[in-house]
Amino acid sequence: MSIGGLAEDRAYGNWHEMLERERGRDDRVDLVTVATPNATHFEITKAFLAAGFHVLCEKPMTMTVSEGEEIVKLAKSSGRICAVNYGYSGYSLVRHMKAMIARGDLGRIRLVMVEFAHGQHADAGDADNPRVRWRYDPAQAGVSAQFADCGIHALHMVSFVTGQEVERLSADTVSCITSRELEDDAMVNFRMTGGIVGRLWTSSVAIGRQHGLTLQVFGEKGGLRWAQEQPNQLFWMPLNQRLQVIERGEADLSPEADRTTRVTIGHAEGMPLAFANIYGDLAEAIRAEKEGRAVDPAANLYPRAEDGLRSMAAVFAVAASGRADGQWTDARPPMFR
Amino acid sequence: MSIGGLAEDRAYGNWHEMLERERGRDDRVDLVTVATPNATHFEITKAFLAAGFHVLCEKPMTMTVSEGEEIVKLAKSSGRICAVNYGYSGYSLVRHMKAMIARGDLGRIRLVMVEFAHGQHADAGDADNPRVRWRYDPAQAGVSAQFADCGIHALHMVSFVTGQEVERLSADTVSCITSRELEDDAMVNFRMTGGIVGRLWTSSVAIGRQHGLTLQVFGEKGGLRWAQEQPNQLFWMPLNQRLQVIERGEADLSPEADRTTRVTIGHAEGMPLAFANIYGDLAEAIRAEKEGRAVDPAANLYPRAEDGLRSMAAVFAVAASGRADGQWTDARPPMFR
Amino acid sequence: MSIGGLAEDRAYGNWHEMLERERGRDDRVDLVTVATPNATHFEITKAFLAAGFHVLCEKPMTMTVSEGEEIVKLAKSSGRICAVNYGYSGYSLVRHMKAMIARGDLGRIRLVMVEFAHGQHADAGDADNPRVRWRYDPAQAGVSAQFADCGIHALHMVSFVTGQEVERLSADTVSCITSRELEDDAMVNFRMTGGIVGRLWTSSVAIGRQHGLTLQVFGEKGGLRWAQEQPNQLFWMPLNQRLQVIERGEADLSPEADRTTRVTIGHAEGMPLAFANIYGDLAEAIRAEKEGRAVDPAANLYPRAEDGLRSMAAVFAVAASGRADGQWTDARPPMFR
Amino acid sequence: MSIGGLAEDRAYGNWHEMLERERGRDDRVDLVTVATPNATHFEITKAFLAAGFHVLCEKPMTMTVSEGEEIVKLAKSSGRICAVNYGYSGYSLVRHMKAMIARGDLGRIRLVMVEFAHGQHADAGDADNPRVRWRYDPAQAGVSAQFADCGIHALHMVSFVTGQEVERLSADTVSCITSRELEDDAMVNFRMTGGIVGRLWTSSVAIGRQHGLTLQVFGEKGGLRWAQEQPNQLFWMPLNQRLQVIERGEADLSPEADRTTRVTIGHAEGMPLAFANIYGDLAEAIRAEKEGRAVDPAANLYPRAEDGLRSMAAVFAVAASGRADGQWTDARPPMFR
């Protein structure tokens, strides 16, 4: 008999039980997904990694930078996969952006402008709604609300497509609904390795925006624009030429795009398949390990513990800079300085 | 005989000659437009105001804040109109935004996000092109390039639609093309009277953006979005409702919109008519004065010397803040502090 | 051991073998999907229905109208589900259109305009490409090419959302690439029960259109527009009001929309999940039967053998009308006249 | 003294008076614009042409085909300009479409799809509104309503951009609001010289469409799409390449586009300037005549009496075909057969 498709003897009551019983099985699971409340991610991820399981942790990976460093070290020493679910990086055309930049289509990248703005928490009348309130309460949410919730997705996307890392940042954090302790809107200016200038806007009071994760990358030789709400088109303008519309599913895109394309051009693929692509990457990595072969480079793109750690360092840097009137702040985890 | 439609005896060789000869005529011109090189705006505007002419000056009105204060005082003492051509404020739906905000449709305004980004100066190979180079040379352009050229349009729009003024700001100014002394990209965070939080991005290296003046205003009760490149639609989302498309030419818009609507709904009006609306405001003001009656309030919207002055104060504040790592800086002209 | 996730002993060499062996099992499959070459659909569907299996047949269900009638009768007499995979009808907002029309939001429907235009076969140099050529060859494709391939999807959508059926039609069929025997472009005017006027354009030579399935419905009290390439928005204009954007995932949509919504507003769902919704309908129907309860009406929406039959009647009517200079032709299957 | 900018002695009481007095002046007007009620166009146009004036007549030029032929002959024999104001052909990017097609960018044109659909007359409650009712009354409007009002604009556009003429057509005309005698919706299939297949949809009950004049042209080597509501972009897809966005004001467009471009790229120009371009063409033609030189070919594009005549022939053909169940009907004026 099965429970929701799960064999009865493997439907565990809690993660401790799962860990104990799975580690003893010959057919133990390959990959454990950690999708529990945020504050428990660190403990569970650590335990399963230590026990030799591959792990995919929901974001945020940890609540502090030092926990993040501990996970990174453990992932390294254990030789296990520790992935973090920045699922938007799974979109086919986001991967094509990365490929275009890596192969030099844009030349040196000068500037990125990224937004993740929505209006889901714009109703001041919701201030007592527990589903909203906890997010802006430091006791429950930590040092940051909107940046920690949405901003780090956007910041990860920038690193993902450019292949560069954030070094320092200056943040303007505000509570547009003034009863909130934590920010519901933030503007973050930053600098990356490779000399890239970055700007990131995130908001939860932007009424009229649904889920506006938008990424613009400007290089010496061209500019790219992609928006999560219309993910099957990528707008590309080569310097001194015309705007072109790259369609998901076009012939002759990059291997990274081809690998993540399921249906033909003109048929939208959405967010669930973007997230599935992350799982596809992990399946390939696990299979390659079992088969003793190299991982397909076009699949070797899942976000890693290092990304989870860098996000946490950025969250603390944003909070510190925001409190200090936008003072420029080191955004790197200590272990990467 | 006429020269280009101008009577031969009124086609003057220079502004001095024009001033001398027009002031002596019974049928002297009502309004003088100053569209000469930037560094001469102050001198010419001053001379014609002093001689009792109404003036419409192209932006920037002056090159320094103190010159701007002098013009403001002179305009006041002379009783003449001194308008500044922030022409984008002439768009019918921009005026409707102002009307919606003034009548309370959005409640208190919390946040504005405005962009003016293009890629016209993104070609590093243009560095020696004199038509581009002067803009980034302090000897010719003053303390700011992209913000002074485009940013102040965007900042004026924010004041225009909200009816509030910028008080202080923090700027991140960069030269993405590193041979430039002045900035080709800037992010400005600001605070306005009325407690409004503002963010403004301007760039001349954003390849793929044509002339991206975009304005988003978020209040307690709804959000508005308008883009200069698609100026005949205004996107309006009331809190907890759906996005609606307001069309230029709809029945029952505001008097400000109705007055500036020439053709029926579904037929685009563009930038030349937006600029014409500024002239229409001035014609109404001049006519009302001659007829000894009050100006139609729906036409009393042309940008004034005070706006030109505030822009100049913002330019110097952005330049100073940019040099000081984004330090928050008073953006008000001394005479308004 | 398993082959591609299938138990080894159930990976059959052909459909005859599958039929023989599955019918004998206690754990026989619930549903058989027929995704074989078009000309075999009839035979296989018939055989599995007759053997008591539920069937989901890819379109076209049959190659002739009389075969279609045979399947309809067999489905009825067998009591088995015979579904046809018009997968575009699985989109959440298409189902919401149907719900809005059914509950009267648009009043009586006056007019529908539907398009399914792409440019995939616009290259005359492809005339000898066997992957394209067979489609325009009557010996292989039957009486119609583009209408039979794409047009019937569009026509089904019209019936699906309005709940009405096509009665008669007039077609203008052309071969824009003149070496083709069958049409690559067709315009079909039609009349439906309920007095609806219909227009349908389909093309395979429309360079610049990717997969332009677009549906516009105009009633006494409002108009709706939906496009397959941007399936997460539905444009709704109530009479004498403003255009509104209905988003997939909004609160308080219809039960039909809610049931087919997986991820939150602002996150695209694409075509694979639309098709999955058809399977979801079938799972519900099969489960309800096993549990002896009524099917959830919000799931009882999968296309049926009757739809497959009506499509085939329309294909023959279009071909006949096209040959007869657009003469109005009965589009109903004989058994429904 | 002047009346609305017009010299007092030239503000005439009616057209007869104007004709008599202007013909006697040395400084007689160059061009007479006929913007009177439709039924008077023929008489007035004829009178002014005969008296040696150039004429720009609003559409429809006449109420019958034979009147149209009379005007064409008179325009020819008089040597005067007789233009018809199909003002949408004045848009800069429409002229660029024409130039691209003429120089062969699309190869042979196969297919055009044009729409002119709005929802302005969709309210059945307006049936007694005299401003709407007359349009659907044969006694006042003639043989056609929506096709004669909007359809002929669309049909003219097709001829304008392709340089080909309609030869025959088949129409499906319907009154969606059943109390109307004349059609409020029509679908017209047609064939043009050069072997072009055409489809045209026009409607006044399409709620949600504002003023949807949209033109799609498909050739052997590419496809173009342009929409009147977003007139500053032209969508161009060369065969087997990507969709490109052509912007009004781009460098290196055609002379036809350059001549009609006033403001820089990224600044919309709208309908009033499109109409102004027609007047610009006429000014150039009149000036060239006075100066005894050839007209600039990039300006020699204003619609002519022949276009007005062809429209009238199409109106009668649509009405006849509509009454005869879509029978294919010769759409050419007798004098051009």
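Chains here go by letter, A, B, C and D, matching the order in which they are written, and residues are numbered from 1 within each.
As a working rule, contacts are C-beta pairs under 8 Å (C-beta built on N, C-alpha and C of every residue); 3 or more make two chains touch, one makes a residue touch a chain.
Fair warning: this is a prediction, and the values are worked out from it, not measured in the lab.
Colleague: More contacting C-beta pairs: A-B or A-C?
Modeller: A-B
Colleague: On a CA-centroid basis, which chain has its centre farthest from subunit A's?
Modeller: Max centre-to-centre separation from subunit A belongs to D.
Colleague: Cα centroid separation between subunit A and subunit D, in whole Å?
Modeller: The mean C-alpha positions of subunit A and subunit D differ by 54 Å.
Colleague: How many angstrom lie between the centres of subunit A and subunit B, each centre taken as the mean Cα position?
Modeller: 39
Colleague: Provide the C-alpha centroid distance between subunit A and subunit C, rounded to the nearest whole angstrom.
Modeller: 37
Colleague: For subunit C, write out the residues touching at least two other chains, lowest number first.
Modeller: 243, 247, in rising order.
Colleague: Report the residues of subunit D in contact with subunit A in the complex, numbered from low to high.
Modeller: Listed in rising order, the residues are 242-247, 250.
Colleague: Which residues of subunit B touch subunit D in their complex?
Modeller: Spelled out, the residues of subunit B in touch with subunit D are 118, 210-212, 228-232, 247, 262-273.
Colleague: Can you check the complex and tell me which residues of subunit B touch subunit A?
Modeller: Listed in rising order, the residues of subunit B that touch subunit A are 110-111, 113, 117, 119, 122-124, 170, 172, 174, 176-177, 185, 187, 189, 197, 199, 201, 203, 205-209, 216, 218-220, 222-225, 235-240, 243, 325-328.
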